[in-house]
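Labels for the chains are A, B, C and D, by order of writing; each one numbers its residues from 1.
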Amino acid sequence: MEKGRLEAFSDGVIAIIITIMVLELKIPEGVHGADLSALKPLIPVLGSYLLSFIYVGIYWNNHHHMMQAAESVNGAILWANMHLLFWLSLVPFVTAWMGENNFSRWPVTCYGIVLIMNACAYTILLLALIRHHGRNSVLAKAIGEDWKGKVSIGIYATAIAMSWLNSNISFILYIVVACIWFIPDKRIERQLVGEEPPCESKG
Amino acid sequence: MEKGRLEAFSDGVIAIIITIMVLELKIPEGVHGADLSALKPLIPVLGSYLLSFIYVGIYWNNHHHMMQAAESVNGAILWANMHLLFWLSLVPFVTAWMGENNFSRWPVTCYGIVLIMNACAYTILLLALIRHHGRNSVLAKAIGEDWKGKVSIGIYATAIAMSWLNSNISFILYIVVACIWFIPDKRIERQLVGEEPPCESKG
Amino acid sequence: MEKGRLEAFSDGVIAIIITIMVLELKIPEGVHGADLSALKPLIPVLGSYLLSFIYVGIYWNNHHHMMQAAESVNGAILWANMHLLFWLSLVPFVTAWMGENNFSRWPVTCYGIVLIMNACAYTILLLALIRHHGRNSVLAKAIGEDWKGKVSIGIYATAIAMSWLNSNISFILYIVVACIWFIPDKRIERQLVGEEPPCESKG
Amino acid sequence: MEKGRLEAFSDGVIAIIITIMVLELKIPEGVHGADLSALKPLIPVLGSYLLSFIYVGIYWNNHHHMMQAAESVNGAILWANMHLLFWLSLVPFVTAWMGENNFSRWPVTCYGIVLIMNACAYTILLLALIRHHGRNSVLAKAIGEDWKGKVSIGIYATAIAMSWLNSNISFILYIVVACIWFIPDKRIERQLVGEEPPCESKG
């Protein structure tokens, strides 16, 4: 099966997810004023939106990289992809809840849970792709250890635990994970051009 | 006529349908709290969303398979496709209504009616494709009997009748149909690679 | 300039326009009931939605046909296309207004005005394409007289005038135009395959 | 890395941004009337929408031109593009705020700030593309001086300052910039066909 339409559909869904989050960003009914103070309650909403925009952007970037290394897809991959899109589609909901409540405990916890589920869904998609292409494929080699995925899940779990002490720490931890992932997956790019990975120790 | 733009447009519409359903998933106005109990009224909404996400996902998957077997399209196919998209576009509405009312009788009935209309629209599209490609085409052979389509419509009708006794039974029947369709249509894949169908008896 | 991205962007915008209209289709706040009577106020909304769905579908179909005959685009065509998309984007607004007010006079008039503007924008796009491709191009020959466009504008104007007597007549006239356009533009298909138009007199 | 999916994703996001702005265009709750006067409070909203529609259209047009000159993309370009999409995604919010408040001072100022940030993000994307393709590439030559970008930022800054005297002047200045950009970037088209730029002095 060709991967073209899977990419197109995923692009569509991710584009909508990343954009509908901005619909939450509206002046509250009672305050429909032209004053700058009307923007003040929107600051946490905007912060929450920015974080989620970066997260969804990271997922799109990595999805892009991963799919470029793929040669074809099968039924299991289609559903693993749909599963990832389902968890991504919950991001706007938890983003809105977290922003509205000024990063209080429960919304921050739920945000972390959705992020963990996204990370798991991404890993499942990765495994489905590796099984389809074989252990010795460019794709499998390109991904290698996937320490980033493991570290992220660990940090998310820590952030959820921390939200019971201080939800601001959780928020900072989410930013840390975003920073880790910010650079698109060089491993795949390198494998694709057949270049030796340089001995850098970033990350 | 080429099929590329029909696929792209359908992908766009289905991507939007599957994503706007999540807009219904919001903390109710009065309960804008940071407490976990604020999520409780959302449980039926989330269940309803999950079911519809899977249904729309199944339609996309099967549309993908069907169109891959198609070689070209004509005016009748364009309109049969538009007709399917119309019924799919009503899914978010009945999903929201069913979730809000905790799966009570009338919303569950209407959900079933929309599912039946979708199944019919899908069958009409299939017939339009077969007529365009000819009875002996790969596509026609690949589809064969289409027992799944017939069985689904039967179960939907049963679910609608059951909703007068107990709407939970209807909900379970909708899940049963989703399970039947979960596996993408192997028939088409098999025909495309020219492989003999193995003597499996799943389903 | 290549036409691929113009098609992709137009597909995206039209897909969103056709889908967001369904967001208007919601049980009113006060009536959030599980009863069938909750659906009753939605009947004009659904009728209005169905009509607009068909209209936007017709525009997409004809856009598809027109662009298939085009070989390349220029700056003027990009903007003529954007102009058409602007007027199409107002369709959900007038659709909602007309549905909410049960097809009363002013909403029906505005709906007609938006349809006229769409017809004009489509004609402008057509002229821009013909000027770019030349009077003797396949595209110019394929389009020929464009009597459908002229007749439609005439009927829209009649419908607007009629809305002062009885807005139901206007609604029926809008349906008449939809029927005229329902069949995708055979002229272009014929020219593309180089086939002589048969001596039919339909329409 | 190929540019295809970056274009598709950007098209998707921009298509959604340009279309969801129309969701703001609704008859206010209290006035749900069928009278023409119900449209009156919508006039500034419509004006604001029209301006933003043109702006987003300009960005799409120029993005289209820029990407056509590009041959490939890298990680930095992906993120520079995501950064541009972020600022574009804030356009619907400031558009709605400006329209609701009849072009009063603070909303007009914020609108200007978002436009400046968009202009900067566009410039950053341009620089990332030039660095990737090299100083002597077709793309770098095609862009040349980019006086339009510099002039725009200057006018935006003036408009923001002017909003403290009279926000209508700011609005007119935004229209002026839109007019400057209205014509798609001929420079790139010219370079692509290898044609000498004629000695025109428009702009």
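Keep in mind that, in the parts below, a contact is a pair of C-beta atoms (placed from the backbone, for glycine too) under 8 Å apart; a residue touches a chain by one contact, two chains touch by 3 or more.
These numbers were taken from a predicted model, which means no experiment stands behind them.
The chain with its CA mean position farthest from that of subunit A is C. Fitting subunit C to subunit D on C-alpha positions gives a rotation angle of 90 degrees, to the nearest 5. Homomeric contact subunit B/subunit C: same residue numbering on both sides for under half of the interface positions.
If each chain is reduced to the centroid of its CA atoms, subunit A and subunit D end up 27 Å from each other.
In this assembly, the C-alpha centroid of subunit B lies 38 Å from the C-alpha centroid of subunit D.
Across the assembly, subunit D contributes residues 8, 12, 15-16, 20, 23 that each touch 2 or more other chains.
Residues 7-8, 11-12, 14-16, 18-20, 22-23, 25-27, 32-36, 38-39, 50, 53, 57, 60-61, 64, 67-68, 182-184, 186, 189 of subunit C touch subunit B in their complex. Against subunit A, in their complex, subunit D makes its touches with residues 1-2, 5-6, 8-9, 12-13, 15-17, 20, 23, 75, 78-79, 82, 85-86, 89-90, 92-93, 96-97, 100-101, 104-107, 110.
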